[in-house]
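Chains here go by letter, A, B, C and D, matching the order in which they are written, and residues are numbered from 1 within each.
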Amino acid sequence: MPADFPLSLLLACAAVLLALGSAGSALGTGRVPGAKILMFLLLGGAGAAAVSAGLLALASPDAAVGELPLGLPWLPWRLRLDALAGFFLLVIGLVVMAVAVYGPGYVRDFEHGQDPLPVLGAFTGLFVVGMLLVVLADDAFLFMVAWELMSLSSYFLVAFQHEQAANRRAAFLYLLMAHVGALSILLGYGVLAAFGGGFAFDAMRAAQLSPLWGSVAFGLAFVGFGMKAGLVPMHAWLPEAHPAAPSHISALMSGVMLKVAVYGFIRFTFDLVGQLQWQWGVVVLVVGSLSALMGVLYALMQHDLKRLLAYHSVENIGIIFIGLGLGLVFLATGHPTAGVLGLIAALYHTLNHALFKSLLFLGAGAILHATHERDLERMGGLLRRMPWTGLFFLVGCISISALPPFNGFVSEWLTFQTALQSWLLEGGVLRSLIPIAAAVLALTGALAAACFVKVYGVAFLGRARSRRVRRARPVSRGMRLGQGFLATLCLLAGVFPTTLLQWLNAVPGQLLGRGLSEATAHGWLWLTPIAPQTASYSAPVVLLALALVWWLSATLLRRGRVRAVRRCDPWGCGFGSGLPGPRMQYTATAFAQPIRRVFGLLFHVDERVERDDAGLRHQLHVADRAWELFYAPVVRWVQAAARQVGRLQSGHIRVYLGWSLGTLLVLLWLIS
Amino acid sequence: MNALLIAVFLPLAGALVLALVRSLALAGWLNLGFCAGSLAAAVWLALQILRGGDLTGDGFHVDAFNVYLVVLTALVGLTTAIFSRPYMAHVCRDGQVSEGRMRLYHSMFQGFLFTMLLALTTDNLGVLWVAVEGATLATVLLVSLYRTPESVEAAWKYFILCGVGIALALFGTVLVYFAAQHALADVAEGLSWSALYAGADRLHPTVMAIAFVFLLVGYGTKVGLVPLHNWLPDAHSEGPTPMSAVLSGLLLNVALYAVVRFKMLVDGALAATDKAAVAGHLMMGFGLLSFLVAGLFLHRQRDIKRLFSYSSIEHMGLMTFAFGIGGPLATFGGLLHMLVHSLTKSAIFITVGHATHIAGTQTIEHIRGMIRTQPAVGWGLLLGVAAIAGFPPFGVFTSEFLLLSATMQSWPWLTTALLFGLVVAFAGLFRHLHPMVYGKAPEGQQPVAANMLPVMAHLGLVLWLGIAIPVALSRWLDQATFLITGSHLL
Amino acid sequence: MNLMQLTLLEQAVFVLAALVLFLSFAMLAQARLLAGIHVFAWQGAVLAAATGLVAAGGAPHLFISAALTLALKALLIPWMLHRLVRRLELERHVEPLQHPALVLMAGAGLVIFSYWVVVPIERLELVTTRNILSLSLAVVLIGLLIMVTRRQAVTQVIGFMSMENGLFLAAVAATHGMPLVVELGVAFDVLVAAVLFGVFFLHINESIESLDVDRLNRLSAREDDT
Amino acid sequence: MNASAWLLVLLQALLFLLGAPLLVAWVKRVKARLQNRRGPALSQPYRDLYKLFGKETLVAHTASGVFRAAPYIVFASTLLACTIVPLLAARLPAAAVADVIVLVGFLALGRFFLALAGMDVGTAFGGMGSSREMLVSALAEPAMLLAVFTLAMTAHSTNLASVVDHQLASGLILRPSYLFALMGLVLVAVAETGRIPVDNPATHLELTMIHEAMILEYSGRHLALMEWAAQLKLMLYGVLIVNVFLPWGIATRITPAALGLGLAAVAGKLLLLGVLLAVAETGLAKMRLFRAPQFLNFALLLALLGLLSHVILETGA
């Protein structure tokens, strides 16, 4: 019973209960005054409890276990909170807190719309409950229950604004793929359970699998979790579903739910399967690189802000899996230090992505809230309309573009460092494959930077392209606070990587029996993953130096003969008097056009120029190739099968009787 | 014993009484009252059995297995009666059904319950047959209650196909009796299941094998196993909705119950031979076939009630498969699935009844935006389908989890087939469900006076079972498992 | 086996059983509706006789079921069918069989098949009953075959009833009848079934102006047709 | 040692600041000579900078804070990137602050804000320039990193100081991988510093310009900072090439003599490099924008070849 739980686990359970309470109190919204505030208070409480539980778990040397009197009689729900689970609790908690602060302002739109607030709030709570329980689960049954609870409740959230057909379609696709993934995971657990004799994780850890069955289990889990995480080519649902949900939910889905999938993969591969094989690492590495590249390229082609961010989730998940793949390769070939480094890099990027992707989605939500616009082509000049959001969004852009001194850079730097350890490996193939993956990572980073120059430049800079955007108002204080919270965390995680790494070390410490002792050996100032002479990075100094140079140059130049800055019109580009209109600005599509031409064959581009009475009309559709390659055939096949089967129900009773007679004869013949 | 007699014969009395009651309102309440009474008696009986052990005599045989189904039958009967009272009143007000036929309806409702309970509790295989046939006769008139050409056609198909099937079952019963005559000392009890079970090993294997084929085809027709299922969607879709609820929730279970009983005998008889597991294998084959085919059928439906009747076929296939595997885990899962499926499916049919009243049609294309028109109905449908599709935290997931793990233990490769079927069926359900519940509300559709209490009760139970199976219930199921497989799970 | 070992009575039962099978064939081949009903009545009568003989052979309780059979199968049901046919002006109705030869071959095949099925029941004292079982199985299967091959609702019912005859034959000859309660229950069900059939004839007739079951296929339109 | 080392870092930064314009002037002059012109005096860039600092700074109405912050950020990040490159001496503490990957990061940071600034005013040209700049850099960055990885994998380090050390220690070894990496890096440098054939710093022809298009709206001290940063970048790449691939002459001990030698050596090498660059620019013509990707893919190919030849030829496996 919960009575004898350790403190960390108690806090975790408290988080679950608080989230449940938030779901419950949501049912009162609309009728009971203040229920809305209570709902978000409880949600925030859940987040805080999760964070504290996670920190406790990271600090404590061993795992906290407990049992709930629920589930199957012979398989009660077993909870286990070790460093890995703790870390992910931390990730979930932080974002949930931000969302709880942001939410009250954002949902104001829904209070008077016909999409009822109670539904939104209730499923948000359940969604958080599901994610927390997945992380806490210590047996496959509870894991699957929580996992599907997470999928189901998030599905309801995706379908929340169900009057647009696109959202319905997205929700259906999402639930379908989530279900397929879940069954694949279940099958993977089944293999482990068959060898370990039980669905409890302890039994699975003890299981001795033959390499073949190990690979089977790994493959199933990889497909299952990859489908949830949105790895190419299993990503099709992601860019559809994430934009469909309300923005703070998109933040939760992109920022946290995908991480829960990462958690599942790590738990399954690094913890349960046992004997690792380097081939797995190669698979993960290749798929990860593919996802990173395709994700960012497709993101560049989007001009719907939330869709673009969703594609960036594909990219960042790819980066995370690159790290995991490197870790797998190194661990399986007996280079624990490099392996641990890979795992750490992946975890670090997991945290970072959770922070900045949620930040960006909250920002997109703020824009949506203020302008009811998601289309970049109609934005512009928002920085002057909503300065705070603009500032925080800029932080998010810099972080996701992996620029120093923000957090995205650190994790990519660590990944590069891991890749550079490939000289340790024997096989020439691996040794040359890994740097190529690193090059892909570099390309991805550069393209991401390009993409966010586009986003920020088009949305926040320049001049407004539509009336509603021109009249945008700043959003409420709570919404700004939520973004600011995440932005601050982004900066901190970028500037104090060493301190963060000290916490992170506990994860591989418990999982693989060793951490990166060297990385943090030279004080909080220096991050030295392998050894000081190999590579080192001191984010605080960098930040300091940047600020110093900036200040120096600024102050020195102010001393110049002319201080003042005079405002004037920009150059008219030879258009004679006055400014060229806002429509003369580069659009998002135009910005991405060179890249679209360079990487043309990766997209399914449908570009046509039509002439109608309004003049020339240029239409451009960039479709995801994954559809025609992977999804359409399956659909066609099922339809055909259904058609064949349909003939059974011919409607003629004599045919039916014939079936009975035939069946009877066949069976009699069978048993004689 | 009294509890048993009350539980079984109260509905019979109800049938007789209701045949005479003219007042519609009174009939509705009486119907409800009789169901409540028999439920109370059934619970009482269950307590007796669980405390005092099996109860055999006077041609009855009650053990943990069938008392479980007795309670389930009585429960679903009651909730359906609760739903049926306002629903049928509405139907009657629409003038679809005349007063006289309402009397027929209520009387036959009770009659149907009586045959169900009799079939479950009797010890005499002949009486079992009579009862199941009686169930057909009782329901066939209800299927054609509306007297539309479609309903008549459906009733005719139902009647002929089930009649033929049941006739074959009788032939199988005769064969069993024939085998018994040369195996049992006392020919008089040659049809007593308990006696046969006691002496199963002495029954002539070949005769029993042939008999089982006939029984499987016969009762399997009623279970709705592919390719004997054709009557099922017709009968479900054309009859009044409460009928569909009890057909899906109860009749199929009882037929499956009969098959399982006979399987127990046949397994005993064939234990020594080289075809020891043939019965199980036949059931597995039928079950898997039905499961997969029905899943594909879901994609082609235009009528909402046909949709869910195919889903019933699918789930019956799953249960048949489970009992075919045998083994404690699979059987436990199968029993649990019987429970959750009956509860969920009847809840769904109840909701569908309201939905069809709102839309004024059963055609899926015209049922739109339920959540907007009447949120309670829309959400009921949505959650019910989510439950039946096997999403946690609903209990269907639990039982399917058990079935899957049992399959993984004994037939690992079949697991993939099961998972494939699950996905196909899920897609088939939701692709139709989505437009029905979501989207804008169509013009001119008014909310109806919907009584969602039964639905909430059922789904609540299913939810509870999904989150935690009470110890008492698991003991109960384990006892039943022990009866069927001869070994405990717990 | 040779008939010498059997008593006269048993031989007679054999003959009657063979007769029942023959009458099934007659029904299978019969094109005219009324004639079909008559053949069915005769089958009932023969069955009743066989039951009577078995009863005389030392199973007195079978006299009751003999009487029941006679009353139901030979008299009541044929009479009801007759009335219906007249009421629906179907006396002149003729339903020629497509490929009669093929159908009769199939029937013969079913006979052989049913014999082949029951052969493995090897126990000497069962030989007689075993063969009668094969006969009755054949009757059942042929009854089903009739239902498959005929489009006329009435003929289908006849086929169905002759299936029941086959069951009775098995019950009587192989197991000297079932316990009384079962017999009564079965008889009751058959009666109700017959009545219901009558009711349905009327409904069907008024819904599709004929009893051609092939025209009962509106429901298949409830599913996508592709 | 430590304090003096940090002083040396500052000295290096100062050298960069002062030397960068000179290098540009040198290239210009040599080019002019190759084209039979007299060309501007070597002091011309300094004069330009001075003039710009003195001029009034205009900012468009439509520009936001990003526009005004960008010059400082660009300048600062470029200067920081310079400080970690060993100019005179190999073992400098600054190299520990940030390794070569961070160096790439600094350049990326500068470029990010440069491109944002280009889009801030809201004219057509700025966006065009930013778009092109991001395309070029996106293709150049992987090539540069691959080239760098070749070094790093040989030296088992991304710390520039250690790389240079490793070079000096291992003496003159003809490595095919280095050859390819060097060529790749040169091409990247050409593209990144906006030289012919990818971009032409001397033109304001709308259709071809990249870098100039972004800073079109700048004036006064802002423009000066931007220009200076560009010059720093050129010198940075030059030093990177000459000192990492051919580090001989660089000081390994901090003594005046050694430092003097280092200064002479690096100056000589840079001047030579400048001549080469001038010759190349005179010989080549500016290419269309959509041929630039091919140019950079070639660079990527070279870098990749370098890496593979390192893996295949130079490691015992």
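Heads up, the rule we're going with is that a residue touches a chain if its C-beta (ideal position, glycine included) is under 8 Å from a C-beta of that chain, and two chains touch if they have at least 3 such contacts.
From a predicted model like this one, the values you see are computed outputs, not experimental measurements.
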* To do: Tell me, please, which two chains come out on top when C-beta pairs in contact are counted per chain pair.
  => A-D
* To do: Would you mind pulling out the distance in Å between where the CA atoms of subunit A average out and where those of subunit D do?
  => 36
* Centre distance in Å when subunit B and subunit C are each reduced to the mean of their C-alpha atoms -> 31
* To do: Give, as an integer number of Å, the spacing between the C-alpha centres of subunit D and subunit C.
  => 100
* **Distance from the mean Cα position of subunit B to that of subunit A, given in whole angstrom** => 44
* Which residue numbers or ranges of subunit B touch two or more of the other chains? -> 156-157, 160, 164, 168, 210, 233, 297, 300
* Multi-chain contact residues (two or more partners), subunit C -> 117, 120, 144, 147, 213, 216-219, 223-224
* Structure fact -> Going by residue number, subunit D touches two or more other chains at none
* Spell out all pairs of chains that touch, sorted by label. => A-B, A-C, A-D, B-C
* Residues of subunit C defined as touching subunit B within the complex -> 117-118, 120-121, 123, 126, 129, 133, 137, 140, 144, 147, 153, 156, 160, 163-164, 166-167, 170-171, 174-175, 178-179, 181-182, 185-186, 188-189, 192-193, 196-197, 200, 203-204, 207-208, 213, 216-219, 222-224
* Asked: Can you name the residues of subunit A that touch subunit D in the complex?
  -> 380-381, 383-384, 394, 398, 401-404, 409, 413, 416-417, 419-420, 422-423, 426-428, 431-432, 435-436, 438-440, 442-443, 445-447, 449-450, 452-454, 456-458, 460-463, 526, 532-538, 541-542, 545-546, 549-550, 553-554, 557, 560-562, 564-571, 573, 579-580, 582, 584-586, 590-595, 597-598
* What does subunit D use to touch subunit A in their complex? -> 53-66, 68, 72-73, 75-77, 79-80, 83, 96-99, 101-102, 105-106, 108-109, 111-112, 115-116, 118-128, 130-132, 134-135, 137-142, 145-146, 149, 152-153, 156-159, 162, 216-217, 220-221, 225, 289-290, 293, 300, 304, 307-308, 311-312, 315, 317
* Asked: So in the complex, which bits of subunit C are touching subunit A?
  -> 113, 116-117, 120, 141, 144-145, 147-151, 213-214, 216-221, 223-226
* Residues of subunit A touching subunit C in their complex? -> 643, 646, 649-654, 657-658, 660-661, 664-665, 668, 672
